[in-house]
Every structure is written in structure tokens, then in C-alpha cells.
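Below, each structure is written out as C-alpha cells.
Below, chain A partners chain B and then partners chain C, in two separate complexes.
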Partner chain A sequence: MRKSTDISPLARKPRKTGRRSPLASIALILIGLVATGGAYALFSTTASASTTAANQQLLTEGSKLFQANCATCHGMNLEGTQQAPSLLGVGAASVQFQVSTGRMPAAASGPQEEEKPSQFTDQQTLALAEFVGSKAVGPGIPSKQYLGGTGNAAKGAELFRINCAMCHNVAGAGGALTEGKYAPSLSGVSALHAYEAMITGPQNMPVFNDANITPSQKADIITYLKYLDKNPSPGGLDLGNLGPVSEGLFLWIFGLGAIVGVTIWLTAKAN
Partner chain B sequence: MAQHDDGVTTPDSGAAGSPVGSTVALSSESGTGVVPLDSVENPGFPPHNPRQTNLDPKKDKNAERQVTFLFFLSIIGSVFALAAYMVFPIVPGDFGSIRENNLFLGLGITLGLLGIGLGAVHWAKQLMREDESVEYRHGTRGTEETRAKAVEVFELGDQESGFGRRTLIRNSLIGALVLTPVPAVALFRGLAPDTDPTALLNHTMWKKGVKLTHDPTGVPIKASDVTLGSAFHVIPEGLNQRSDALEQKAKAAVLLMRLQPEDLHVTKGRETWNYEGIIAYSQICTHVGCPVALYEQQTHHLLCPCHQSQFDMTHEARVIFGPARRPLPQLPITIDSEGYLIARSDFHEPVGPDYWERHV
Partner chain C sequence: MTTTTSETRGGAVVPERKSVTQTTANWIDERTSISGLVRELGRKIFPDHWSFMLGEVALYSFIVILLTGTFLTFFFQASMAEVTYDGSYLPLKGIDMSAAMSSTLHLSFDIRGGLLMRQIHHWAALLFVASIGLHMLRIFFTGAFRKPRELNWVIGFVLFILALAEGFTGYSLPDDLLSGNGLRIIDGLVKGIPVIGTFTSYLLFGGEFPGTAIVGRLYTLHILLLPAILVAALGVHLLLLVINKHTQFAGPGKTNDNVVGVPIMPVFAAKAGGFFFIVFGVIVLMATFFTINPVWLYGPYDPSPISAGTQPDWYIGFADGALRLVPSGLGFQIGDFTFALNVFLPIVVLGLFIVLVAIYPFIESWVTGDKREHHIADRPRNAPTRTAIGAAGVVFYAVLWAAASSDLIATHFSLTVEGVILTLQILLIVGPIIAYLVTKRLCIGLQKKDREIALHGYESGRIVRLPGGEYIEVHEQLTDYERWRLVSFEDYKPLMLRPNAKGQISPLERARSVLSGWFFEDRITPVTTHELEQQHHAGHGALEGDSGTEIESGHH
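So, the complex of A and B:
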């Protein structure tokens, strides 16, 4: 496109001198357009060809990584086993979430897989995700436009209170579920992981697909989470945002402690 | 009163350590205390130990300085609070500024009050007169003279006003006084609902054909939108337009989930209440009415955050743990011609906790 804009001042010049045919400018624009269009087409085909090649390489790498690290539990063909569910249809987003947060490969079987340092590089994670994503249709890796935290934090907060706060706590501090499971704290969770968790519903979290919470609404929720991360608690020490449990404990120990201490001092005789 | 006013008695005066009513000359009718004859004798005060401040003038001076320091601390605190109020103003829209304002203002005021309090106590403990003393209770009965005078005053009042003599006036006054609270009774009764509120608790906004819509947007939900493992927070269509939206939402809030149809254990008579594994249940806990929405998509358990009641969604929300006594009411649903989810009817039982006409 840049080429055609370069041409237009050239095309205007002849009209000033009046020495060229009026058709010359149109011809020049046409030539310019064809040249840029042709170049673009050429470039994009080579690009897609190289992408396919790169993609193929990625899938091969993913396949190898999968066989080495995941297939024991999830099956050679992602069909699942007694130990682990099938991965057909979970999508690339799910794999990227589970692997890059370190939840998978699992350290041990338990009520819930916990976050731990990731076992793979970003590139390897992507390879695994693309490989699993290529086997069956599922939620793909989200587009960057929703992850910038540039949505409406107030709307996000309302959606968060309706859809997320009952498990993750209104300040995103997390909370307990049944039989040893829990909703993790959301502070410091990256926008990508938050988005992927919503669309894939990892472990016992329900799925919030795009019909339930639209992508732009998800962006609003992410904006709210970023807001919580960036802004200090207006009430001072938040004591883990656990509500009456931690605040009550604090008052029991320090508030009542101070009262008891002062009472003893008040009634003690001076030496 | 004056005759019983013993005032402050020092321990070495003979009366010290004697129980009220025995040694102190009081008639048996004064006071209500009962002193058993075999009561343990009051051992009196331990020997008096003088304070350090009494023995050592240096310590006395020190304590004086400490008290002065505490009072000065109070002055500094009050001035600091005033300064903090001006230095850390509350900036609209900046929550951080509220925190600083509250913190420093509060610290200043605390110091201002605590300095006075601690200083006063320290002063009293270390420097004021410190010998032990007893102040005896006195009898509550007045003297014969006082009592006779009181009766005289009443009789004089009766005579002068004619309260006992003019019975018509007296009785009409009594009648008037009895009637004055009656309007208050009517007013307080007016605060109660006009009609029996039970009907309100028995029904919700849901009825046949009402679309299930997203909370809070009110956008209708298609059955195809509800993918496996999803949980939707649902309000009835038209809720947001109502003036009593919050009251209605408190009863009509619904959680929509999709399970594998073969996972559902449907009882007889409820076969048509789900739509291909999509189930809708009241979000209001049957224990004390907290919103239950902690849905676990793998175990299909629904947990109430208030008192940990657990409902098994595969068995029509039966209670598997916790204090709730009833399963959550199920909303019968189906789809309309365009594929939108609609209610088949209202809930078949009242939602939420027990109330006075409902105990099971």
C-alpha cells in the first residue's frame, strides 16, 4: 500500500506542467496498485508456505513431546485412560493453560492439580498445544486484542461478581471448594491464563464459552483483575481478603489482646 | 443520708475490714444484705507498701516527666491529625488517597486520645495519693422524719389539686392517658404487610414460556449456547425492566448447567424438565437462602459458600452434605421454536429456606 501513496504525488505533478496525457496518472496508479498487490500476494503465499512448514515442524515437535510426556496417562491417541481424561476436543487453549501454569504434567494424583513451575519452554508448550489442538476442534489460543486489559473495569467487576466471585472471592483471593478442592487466587494471573481458564474450564471450573461471556466481556473481566492487581486495597491491610475469618482472627488476637493488656495495667498496683 | 456518710476510712481506723451490717451501727432494716453469722472474718488489708515514687524523689520526678510527655504526645497527635487532614486530602476517584487520609488522620486522633488517657492513668497510679481506703455503703431507708415529710407532701398535693376528691376529672384523665398509646399501636401495625405474605414466597417470576436470559444483560440463551460443562447465571426475561427487580431476582435467580444426559438420574414425573442434559435449578439455598453457585463441573457438586451444604446435581440437587434439608427446586425448561430456552412453568415448590408456613 505504501507504494501507491508514494505514487500519488508523482501523479499530480504532470497535471501541473500539463505535458502528459491526463490518462497517464490513472495508468500510473493502476501500475502502482498492480505492483503492490502482486508483491503482497507473492509475499503472503511465501509467508503461508513457510508458516505451513513451520507449523508442520511445530506439530512434529508437539507430537514427540506428547508421546514422551503425556501419552502414558492421556493415551497415545489422546483417547484418555483410567488415570486421565481424553484430550480430544479440549483445544490448544486448554493445553497451553495446563502446561504453562505447571499444572500438567501432574506431580501426583490428588483432589486438584496445583500450580507449579512450568516444565516446558514457551515454544515447547506452544508445540504441545498446537499438536493437541490439531487432533480435534476445541478452543484455540485467544487473540491478543482481548488480553491488553483495556476493557471496562466496572462492567468487568459486575460480571466477575455474578460469574466468578462465588468461588474466586470478590477480590479474587480464591476460596475453598468441596473435598480438598479449591478455587485458586487470581492475583497476578496473566491475562492469557485468565482468558484460557474461562473458555476451557480447567479441572472443576465450569466452562464460560463465548455465548455465555462474550470475548469483549472476558476482556472486561481481565481488565478488572488487572485493576485489582494494580490498585492497593482502599481499606489498608487486606489480611488476605478472606473476610470475617482473617479479620476476626486479627481482632481476637490483637484487639482483645490490647484490651486485656490495658486492663491488667489499669488494675495493677504501682510498684 | 448525712448520718450514714462514713466517708473515707483509712485502714488503721478500727472499722476497717468489718463486714457491712455487723460492726457498723446500722439497724436491721437498712439495706438488704444478709450477713451469715458464721461468715469468714475479713482479714483486712495487707500491709501497705509504699511506691517507688514515694521513696525516691528521682523516680517521682521521672514519673512526672513521663506524665507530661504523654500529655505532650496527645498535643502532638491532635496537631498531627489536623495537619494530616490537610496534607492527605481525599481525592475523588483515587482510593489510595482514602487509605492515606484515614490512616494518618486516625493515627493522629488515636495519639491525641490515648495520650490523655494513658497520661491520666499513669499520673493517678504513680503520683496521686495511694493509700488504700474503704467507702462503706449506707442504708437505703430514709429517716422517719424524711418519710413523714414525703407523705405530707403527697397529701398536700392531693388536697390542693383535688385529685382524690374530684373523681370525674381524675377518671377522665386516666381514660385519656390510657388512650394516648392507641394511635401508636395502629401505626406500628401499619408497618406489617397488608396481606398474608406467604403467597409472595410461594411463587416467583417464572411461568410458562418465560425465556431464560443472561444475568445481568437479559439476553436470551439458546440451548446450543450451553456447551457441556458450562454454568450460566440466569434471570427471567423482563426482570431488568421491573421496578421490583431486586426482590424478584432474589427469588428467581437460576443456575443453568449442562451435563451428559446419561449422568442425570431423573425421577418419575421430571423426565421433561431438562433439555438434553441442560438443567436449571434455583440458586437460593434451602438452608438460609444464600446464593449457591459454586458448581464443580467434574464432580457435579454444587456448594453453598455460607454453611457448606453440598448438592449433587446428577441426583436432582439432593443434599449430600451440610445443614440444608431440601434439594434445590428444579425449574422445568424446554426450548421454543427459535431454539431459545424457556420455562415450562414456575418452580413446583417454594424456593429458598423454610418459613413460618413451610417446614418440610
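So, the complex of A and C:
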């Protein structure tokens, strides 16, 4: 273990210096312990090398939050229980997606967990995510460079039609799945959540890993979704983008309704 | 403005006078003999009832379709040649697509007013079919398809089918993802026809689906053949409308031998002209404010992707619904031949359904044995069995139609798709039966109520104490005008089973007698003059007692 290799040079150093005060050994032990602890923290966290005391604090907070809010179903060591799956290897991205969209902690068991207001602050969510991410390797929180909506919207739209539209509908209006499950509407979904959903495959969604859709292609898809959010339909109100069903309903109720109203008015007898 | 004119069947004579207009008219008439036409048309009488204007809505939306469609042909390219889109819609820039799709986008985003025209065309098409549907329901439920109008019903039905075909071919032209998926379903339906299916599909698409020919072929059908037949059939439809004249609802002075209403010139023509612009205006308003068929979202057709919530336009929905409701896995294989019954069965059932709709006038007149001319429209309640059959048909159609949106029903009402499908499958069978029974009882109940009101008048709520101490409620009698509407309908009896000249009863006659019995066994007889007089002699219906309603049973 790295711990032991670190300790030995530090521990041997004082012996070479001959004279020392009686307090020196205590001070040296103290220094040794701090260094050991620091090194342990340095090498045992995630791939990101920027390990600091703040990060350690985050993990501690995450651990506490996890025990208080998640462990009942997901197990004290993330191993999962009868009610919920193991969280080992789901990655920080998955936790951040599920918790910040309010899907977790779950309110009730049903065909799928619904989006609702998040119970945690961004900081708490990050703590939970880092904590779960620190336990096993999984998709990490995506880099900001893919989330700016600066990709190619046309390529993104094509990828979206091929990979996403069969569940989420071409306009991202959502759609039905089996047994009461559904693909939610994508309008107003943040770039971060869209990216995280693609790499972690929450609930019924498949995972689109980086070999399947590269990060820059994901950025293209996000660009298209942002384009849809920012630009209203060129044809007027979009009737929910549900296609011919809402168009037909609108025509029968309002179009034909208005016209029948007119026919009644035209043939009404003057009183 | 309501100059009510009575027109006798056979036409009236226009008196001749001399004036400038008259001289001009004469000049034209001497060269075209148009006066005969004007005499016939100009004095055509239109009875005033809102439901009689639904056909006009269809006519006017068709005119709107013709006008906007012509505009669209100026810019649309019916070609499946592959091009790279380079127009102003950003999320499709640089994407390869057919010329049809590219020109549709060009038309929508780079031609001034193009998108509005496209949307007017599409909304008008939806309104066209919807108003035809409502018009047909009006004709059906008032019995206006009876002799001498059976042929016009059939022509109207042909117009309806042509409208569906026009709609579907038009929907497929932009070669977008949604319409391409729709075409793929049609391709599947065609291939599901035993033996000839695959060959027919190859013939239609010029090879394996999708090929490079279908858009051009559909375009020819959409702008040439189908509209030509449609306009011709429409001409015959209107000609027969003039020849047969309008039906009318029963009322004082309105008999089976006249038509009471407004003549076409000048009042009705002005009204109808105004109505055209109102219909046009409603369509333009919808097209201005509401997106229809956003092909830019669907993207170019590509056989691999599909979108959730893919549906045809509303009028093809019933066919889509039938495919969704048919139990999967039906079918069998003989040697190398697969019989895909889960595709073929809906075709057969829907085919039977629309054929029944087309020939209903002939079925009814055969069953009832009624060969008389009918120019008075029935109130639906006065033909309970027909109304009940109609209601059953409407429910059958409505369930199929609803099934086409099973996925959206599931997401929007938090249900499971499987649950929605199962419910609709059951409803498809049970719904029409329930609708038939309930409607028939409702009609008979309403007839009873009418009969009671005709005989006894309305309850006035005024209680009077007679000298003997007895309390009675005074009933308010109807005026003769009001009563007319309630009592003037025809009485039918089940056909008697009679042997023919050879003294035999054929099985067909027997079946007819049974059907006739079913049609008329439960009925309310109209109030007779005799009954009315009796009621008046009995003290103006002041006494209620056992009312004069009786239900006759046909099982003698």
C-alpha cells in the first residue's frame, strides 16, 4: 500500500539528525500523522487530483447526507436492498441527475420516479454525488465545455431523431412507454441534466456512452434542445407539439365548433 | 330579409320585363340559353336550419384548398432526388434530404407567406374532411338519404373517400419523417394482403419501399387525378341537390310536396357568400396562430428513426386505431406464405364498415319496404332504430379513432398503454351494443314525452281547486304550430310475411320480415287527429290519469 511507503522515509528522517529535544519526537509524530492522513486522502479519492481539505469535508457531508436520506433503501455501503439497486458504480453524474431533478429521494414507488422540486441545495447534491462517486468508478460530472449549447444544432437534431425521438418525440414533447412508464418532456431541461441522463441512463432510459455518442455529439444534441427551447414554433402556437392528435382535437373543438356556431347564428330567426 | 317563398316541385316562371339589365341579360341568353339554368338555380330554395349548412362548409373549405394548393404547386418540387438543405432553418442546415422536403422547407421559410399558405392548406384540409363527416351524420340521422336521394348519398360517400385519399396523399408529399412513417404503414397494410400484397407494394413504390418514385406518383394523384374526380363528383352531387331539392323539417305549411325557405337569389346568395368568407376567415385565423404539421421538426424521412406519438391526420386515425387494437400474433404460415391476419383483419373489418355506410340507404329501404319519396327530414327520435344504428356506428368509429391516440391518452391521463388498449378493445365490441340499446330507449322515451305534450300540453304548475274539493293541475296547451312539429311523422309497421305468386315464402323474404320486425317492433305511434279531438273533448287535458302513451309490440 502507498500508505506504508509514504510513512517509512518520513519516520526514518529524524533518526539521522543525532541531537533532539524531548518534544521533537512528539512533533515529528504529529507531522507524520498529518502527512499520512493527507496522502491517504490524496490517493484514495476520485481521479481528479485537486484533493483538498474542502473536498474531504464535502465527502464527509455527503456521507452523512447519504446515511440520513438514501441508506434506508440503497444500503449503508451503497450495496442496495430489496427496494432499491446498488449505487456502486453509478457515478457522481447519476446522483447529481437524480437528486437535483427531485426524482430521488423517491416519494413513492410507482412505474417510475417523477420529477419534483429538489430536496437539497446544489452544495448538498454535489456532496452526495461526490460521496457516491468516491466509492466506485462511474460516470463523473460532465465538463462545462459540452454544456454551453455551442455545438452544431443540425447534427444534433439528426442524432436526436435517430437516438431519442422514438421515446421523447421529435420535438422532445415526451411519449408513452410500457406499463405506465413514460419518456418525459425535454422542454426546459438543463444542459447538465440532459448530458447526465445520456451518460447514466436514468430509470428506463438506455445509456448512451461516449463510444456510442461522443461528448461533442452530445453537445450537438444539447445545442438542438436549447435551440428548441429558445425558438418558439415558426408556425404559431405549437399545441404541445403532440402532432396530428392535438391538431385534430383542436380542429374539431375550436375550428368546427366556431363554424357550427356561425351556422347557428346565420340561421337564427330574428326575435 | 326572411322572405319566405314556397316553391312547387316542377319550377316557377320568371316574368319578362325590359330594362338595361334585361337587354344585356337577353343578349347573353340569346347566345347561351342560360335563362333556363338561372330559372332553375336562381329560384332554388334553401330551408333555414343550421345543420343544412354543413355541406356548404365542406364546399367552401374545398375552395380554400384549391386556392392555396395552387399557390403551393408553384414552389413545391415533387422529386425524391437527394439534395443538401441550405435554407434558413438552422437545425436542418447541411442535412441531406429529398428535393420534396427541401422545397417544402424553402416554401415554409424562404417564400413570403409560404408557411401561412401551407398552414391554411392543411387546416382547411382537416376542416374539409371534418365538415364532410358532420354533414354525413346530419344526412344520416335525419333520414335525408331516403328516396329519391340514395344516389346522392352514395356520391357524397365517394366524395368522402376521395377527401380521405386527397388528405393522405397530401400528407405524404413533404417526405418528412412523420409522413414517411405513415407511408411505411400503408406499405405494411398493402403487403398484408394475401398473395398479391408484395407485388402490389412493389408496383406502388416502384421497387422496395421507399424507393425514389412514390412522392412523384402521389403528387400526380394529389393534384391531378383525385381533384379531377372530386370536382366531377362534386358537380354531380350539387346537380342532384338542385334536382331533388332540399329536405326540410316538418312544420306548418311544410309538406312532402314543397320546399319552404329562402330562394338562392338574392338573399341566400348574399348569406352564402358571406358565409364563405367567414369559413375562410376561421381557417386563416387558425393557420395564423396555430402550427400544423411542423415538418421542420420531423426532419427528412429516413427509414430508421421514428418519433413517439406518430399519428396520421385525424381522418385516417380510425385505420391506425384498428391496427393498434387488433390482437398481435394473429396469423399463420402455409409453406413459404405468411398470412398476416393482424394486418389483414383490420383491412377487412374497416372495408366492411365503410361499405355498410355506403349502401345503408338501400339496406334500410329494403328492410322497411318503403319505396315512397321522402322530402321531410326525420327528427332523429322519430326513427329510433336508425338513430340507434347510427349511434352504434359512431361509437365504433370513435373507439377506433381514440385508439389511434392510445399512447397520448396513456401519458396525459397517467394510465398504462396496455390498459388503454385493452379497455378500447373491449369497448370496440361492447360500446356499439350499449350505444344501440341506450339510444333506442332514449329515442322512444323522447317520443313518449312528445306524445304526452302533444296530447296534454305542458305542466303549468298552476293548481286549481274544483268546486267538489278536488285539486287539479292545469296543463298549458300547445299552439297548433308547436304541436305540428311533435305529431307529424310517419308511422311504420313491421312488414307482413306474405307468400309470393307461387305461394312460397323465400328465405330472403323471411330474413327481411325478421329484420323489419326488429326495425319497427318498438315504436310510438304519432298522435292522430282523432286522439287529439278526443283529448280536447275530455276537458283540455286537465285530468292527467293514465296518459295516452302506449308502446306497440310488433310480435303479433
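Please note the rule applied: the second predicted complex is superposed on the first by the 209 of 271 C-alpha atoms of A that agree within 3 Å, B and C clash if a C-alpha of one lies under 4 Å from a C-alpha of the other, contacts with A are read in each partner's own complex, and residues count from 1 in each chain.
Everything below uses one rule, namely that contacts are C-beta pairs under 8 Å (C-beta built on N, C-alpha and C of every residue); 3 or more make two chains touch, one makes a residue touch a chain.
This one's a predicted model, so the numbers in the text were calculated from it and none came from an experiment.
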**Prompt:** Clash or fit: how do chain B and chain C relate after the overlay on chain A?
**Reply:** clash
**Message:** I'd like to know which partner A:157 touches here: chain B for first, chain C for second, both or neither.
**Reply:** second
**Prompt:** In the superposed arrangement, which partner chain does A:236 touch: chain B (first), chain C (second), both, or neither?
**Reply:** both
**Message:** By the touch definition at the top of the document, which applies to A:182: first (chain B), second (chain C), both, or neither?
**Reply:** second
**Request:** In the overlay, answer first, second, both or neither for which of chain B and chain C A:146 touches.
**Result:** neither
**Message:** Going by the contact rule set out at the top, does A:208 touch chain B (first), chain C (second), both, or neither?
**Reply:** first
**Asked** Of chain B and chain C, which one touches more residues of chain A?
**Response** C
**Prompt:** With the two structures laid over each other on chain A, which partner does A:174 touch: chain B (first), chain C (second), both, or neither?
**Reply:** second
**Asked** With the two structures laid over each other on chain A, which partner does A:131 touch: chain B (first), chain C (second), both, or neither?
**Response** neither
**Asked** Can A:263 be said to touch chain B (first), chain C (second), both, or neither?
**Response** second
**Asked** After superposition on the shared chain, which partner residues are touched by A:247: those of chain B (first), chain C (second), both, or neither?
**Response** second
**Prompt:** Clash with chain B: which of chain C's stretches 2-10, 38-46 or 362-370?
**Reply:** 2-10
**Message:** Does any part of chain A touch chain B in one structure and chain C in the other, and if so which residues?
**Reply:** 158, 162, 166-167, 175, 177-179, 183, 233-236, 266, 269-270
**Item:** Sites on chain A touched by chain B in the complex
**Value:** 158-159, 162-163, 166-167, 175, 177-179, 181, 183, 201, 203-209, 211-212, 231-236, 265-266, 269-271
**Complete:** Touching chain A in the complex, chain B uses residues 51-53, 95-96, 98-99, 102-103, 121, 125-126, 130, 214-216, 221-222, 224-233, 257, 291, 293-299, 301, 303, 305, 310, 321
**Message:** Show me the residue ranges of chain A that touch chain C in the complex, using the header's touch definition.
**Reply:** 111, 153-154, 156-158, 161-162, 165-171, 173-180, 182-183, 224, 227, 233-239, 241-245, 247-252, 254-256, 258-260, 262-264, 266-267, 269-270
**Prompt:** Where on chain C is chain A touching in the complex?
**Reply:** 2, 48-54, 57, 89-95, 108-109, 115, 119, 123, 126-127, 130-131, 134, 177-178, 271, 274-275, 278-279, 282-283, 286-294, 296-299, 302, 304-314, 317, 404-408, 410-411, 414-419
